[in-house]
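The same chain A turns up in both complexes below, where it pairs with chain B and then with chain C.
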Partner chain A sequence: MREVAIVAAGMTHFGELWGASLRDLFVEAAQGALTAAGTDHLDAIYVGNMSAGQFVGQEHLGPLMADHLGMAGVPSVRVESACASGGVALRTAFLEVASGASDLVLAAGVEKMNDGADVTAILATASDQETEVYHGATFPGLYALIARAHMAAHGTTEEDLAWVSVKNHRHGALNERAQFQRELTTDQVLSSALVSEPLRLLHCSPVSDGAAAVLVCPLDQASKYTDHPVVIRGTAMATASLALTDRRDMAFLDSVAASGARAYEMAGIGPEQVDVAEVHDCFSIAEICCIEALGFAPLGEGRHCARTGETALGGRIPVNTSGGLKSKGHPVGATGIAQAVELFEQLTGASGDRQVHGAEFGLAQNMGGTGASSVVHIFQAV
Partner chain B sequence: MREVAIVAAGMTHFGELWGASLRDLFVEAAQGALTAAGTDHLDAIYVGNMSAGQFVGQEHLGPLMADHLGMAGVPSVRVESACASGGVALRTAFLEVASGASDLVLAAGVEKMNDGADVTAILATASDQETEVYHGATFPGLYALIARAHMAAHGTTEEDLAWVSVKNHRHGALNERAQFQRELTTDQVLSSALVSEPLRLLHCSPVSDGAAAVLVCPLDQASKYTDHPVVIRGTAMATASLALTDRRDMAFLDSVAASGARAYEMAGIGPEQVDVAEVHDCFSIAEICCIEALGFAPLGEGRHCARTGETALGGRIPVNTSGGLKSKGHPVGATGIAQAVELFEQLTGASGDRQVHGAEFGLAQNMGGTGASSVVHIFQAV
Partner chain C sequence: MPSPRYWREIPSRYRLEATRCGDCGRVSYPPRRICPECRSTDGETIELSHEGRVLTYTVVHVPPDDFLMEAPYALAVVETPEGARMMVQVADCDPASVEAGMMVALEFRLIRREGKGGILCYGYKAVPAYPMGGEAEAELRSKESEVAHA
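Let's turn to the complex of A and B:
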């Protein structure tokens, strides 16, 4: 298997982007990566997208995006694993380059959620239609169940959850592409409207439009495109039951632990060697579950990390320096690629006020549903 | 790149399967392949599906199908390229095995179209939302434009189109899994209701439920699962503009020609060495365009092949021995895999009354939209 590197990245602003269509967003992000690499050639494209069919009435994004990028003809396929669609797009691009079938592949994610659709109902189609959706469950409710289970098992409090939002908004305030570039206080979080007890509005990531893109190629060809490639040392995916009711423990994300373990093994490192991480904080409880499953905190101790600053910029293991899904925004199909963009910039020293100095290893963890799918990538600066 | 083989296949009946859900269909096909291979282990799963989000309110099929197959945990991702979703699932599985990342991968396709949804409107989301759907175009109308362009360029007649349906129903009558197991006459086709002039009802593939699955592994491990593996000698994808209006020639499918040329090059053979082929006859005109683009007939001569019997069982190059999409049925996400199932059986001598005797090379061509994506696989018996 060939060694594979990221050589360029591009990304739109995330937010309510009423003036840009799905295809506009994709092209802006993709063109950003192509311009950075100084190329107008691609061997293949993978488009991460959860649900443009439902959001804007458009399936079949592969050829659409290739064409609008001026590359009609180039092989181009959409991959979907709900909110992990970006992560699986990157993994599939990795496999195509690693196999030797292609030399320069674009992995991009895009979602246009603010276009008049019933967002909560559409997102719910990523949960189990027969055992969850049919009975009225939506994701805030399902993550509220996870939060309650975590509270019961580990004593996690609403204030612990609030600190995750506060920490991520502090990071996002430094990110000019973030949907919300302002800090929050725990009081603001704890007095925001209840969405699904115990989760309040400011525990929840927003509804967002946006796109992100990275270019991958064999490491031994990276110098054609950049002086600062970032190697993909580990890539792994794992699934769990789609329905929360079928899990052995609602407070622990088995798929995150399994995908993390496989990625660590492939990369030959452990969690203590990771310098900076982006994890899937679609709701604040998710970040706590993820850092525990990835080994950044012992089980039951993850709830303290935002408050103590361990996972803040300057802390032991900065998590979601981009602002995370909570502050940066969460255009669902784009999120996994946006994580890779943040880490590509961190590992090439391009993160400005958010820079984690001397970072060598970065980890991205992207998940779909209530953790029914999880994808982990480990990157290394070279 | 490792050599990759298909070692087992499974498939449901295609048709109006009111008693089976999306997950039931997937499990039946996948379990068929696993049982044939004598294994209950998988390294990864790729699910080809066009639009379960719209058809039955269910995205995120990767983990759902892994779980219902009794394999929660196994990496499992949906890939989509409209009606070419099955073909791209097989191609992605190929790349994962070729790369060395996995040893045994399931490529399966599934679609549940008969569940009360507005099928024509949902299928139309595979065409260009802004320049086609918005103005009222649906696929029968778009393929009618292709047919008119082909008639104008090459003198193709309604009777030529009818012979494609007659030939494929003759094949499908021999296929116990086909949706329509009965022969047709040209008179029946030509007196059936007009759908979109010049296309009549019996020029159109039906609305279908169904699933199909194949198992792929490195050729040098194939003997663990079967005595009769079929090697994937070529795999290629190409795109074209999503919108028909942006094509240089509406009567010629550039993506089919490009994907075919790349697959022939990879396999080291030409069209004259192909013994049996499955091509994407979603409408009868499509089969004519595809056999011309793949080199089975000179440009403008494809219209004669069904009538003369050149593409019939016993002819020069039997096309759609399964009955094709027209007679076998067209559960859109399953179609590309069902083509591979037919050719796996043909190349292992398991096609019964439809057997093409002594077949060594088989070609499958699966496309999405009006040919905006096309995937070609070339298989060889070993």
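Let's turn to the complex of A and C:
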């Protein structure tokens, strides 16, 4: 396989963007990446998107987005793995370039969630329709069940969960593209409205519109586009049952652990060598489960990390310096690519007030559903 | 949900049919053709007991549109004596009274009115295994916690 690098990134603001359509969002992010690389040529496009068909009634995004980018004729396909669609689009682009089939590929993600659809019902289609949704399960409801299982197994408290939101909002307050650029207190989190016990509104990522894009090419061609490429050292995906009831342990995300282990092996590093990470904090409990499954904290100890500052900027392993899904926003199909954008900037020293100084290795973990799919990428500054 | 799908799912939903693996013994609900544990295709169809124990639970305050009239409702993962796990609502009690370890009976109920057509969809809900309140409940609960801590 050829070595593959990210050479450029583009991203929209994340938020309730009522004035922007699905295609507007994609074009803004993709054109940002093309402009940064100084190119108007692409060999292929992958569009990560969870559910434009349900959110805005539009399928067949591959050719639609290629056409609106002024690239009609270029092979272009939509990639779907629920909220992990973006991460899987990046992995697909990596494989196409690593194989030698293409030299310059755009990996993008886009979601337009604020357009009047029943967002709760649409997101729930990423979980098992026959055994979970039929009985009234919602996405926050399923993560609430995971939270209760984690509380029972490891003593995790509602305050531990609140600290994850507080920490990520501190980071997001420094990110000009974030949906919520403001800090929170634990009191505000713990007094916000109940969504599904024990999860409250401020434990949950918001409903967002947005897009993100990165350009990948062989490392030995990267100098055509940038002086500061970031190499993709590891990429891995794993799956688990859609239904929580079929899991070995509801408090542990097997797919996250498996995708992490495979990515570490491919990159030839371990969790202790990672300098900065973006993990899938769709709900505060998810960040705790993910940092445990990825080896950033021992099992059962992840609950302390946000409060102690271990996972905050300046801490042992800063997690979600972008603000994470909670504060930056979570346009589901765009999230995996937005994580890569944050790490591309961190590893090229372009993160401003959020910069993790001297960062060499970055890890992005993006998951679909309640962790039925998880994809991990490990990046290295060169 | 289109009605052909609803009819197709009736055996497992109406009769609580599950598959027990002939090789490793794993019980899957609803039935599966291939055991998720060992990939055996040697499964027998069994009917689950109409009772179980709550493993974990939540109270849903923000429901999908089809369940707007129900909220807040308790949603739990229940394990039957055969080892099958299922997600069900816990009805006939204050949602705040649901807890892990609680014994429940599974009763055939209306689950939802589906979409604009309002198709009636049936299945099982859990209900407390004993009448709520009073000394009888207190006694049963203390016995249960003894068992749970044993």
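Definition applied: the second predicted complex is superposed on the first by the 382 of 382 C-alpha atoms of A that agree within 3 Å, B and C clash if a C-alpha of one lies under 4 Å from a C-alpha of the other, contacts with A are read in each partner's own complex, and residues count from 1 in each chain.
Note that in this section a contact is a pair of C-beta atoms (placed from the backbone, for glycine too) under 8 Å apart; a residue touches a chain by one contact, two chains touch by 3 or more.
Keep in mind that what you see is a predicted model, and the values were worked out from it rather than measured.
In the superposition on chain A, A:1 makes contact with chain B only, not with chain C.
In the superposition on chain A, contact is made by A:195 with chain C only, not with chain B. After overlaying the two complexes on the shared chain, residue contacts for A:250 are found with chain C alone; chain B is out of touch.
Judged by the touch definition given at the top, the superposed model places A:80 against chain B, while chain C stays out of reach. In the superposition on chain A, A:140 contacts chain C only, with no contact to chain B. In the superposed pair of complexes, A:241 makes contact with chain B and with chain C alike. Taking chain A as the reference chain, the count of touched residues is higher for B when chain B and chain C are set side by side.
When the shared chain is aligned, chain B comes close enough to touch A:66, but chain C does not. Within the superposed three-chain model, A:132 lies in touch with chain C and out of touch with chain B [touch as defined at top]. Comparing the two interfaces of chain A, the one with chain B and the one with chain C have residues 129-130, 133, 241, 243, 246 in common. In the complex of the two chains, the chain B residues touching chain A come out as 1, 21, 44, 50-51, 53-54, 56-60, 62-64, 66-67, 72-82, 88, 92, 95-96, 98-101, 122, 125-130, 133, 236-243, 246, 254-255, 258, 368-369, 372-373.
Listing the residues of chain A that touch chain C in their complex gives 118, 120-121, 124, 129-138, 140-141, 144-145, 148-149, 152, 193-199, 241, 243-246, 250. Chain C contributes residues 1, 9, 28-30, 36, 55-67, 70, 72-73, 75, 77, 85-89, 100, 111-112, 121, 123 to its touches with chain A in the complex.
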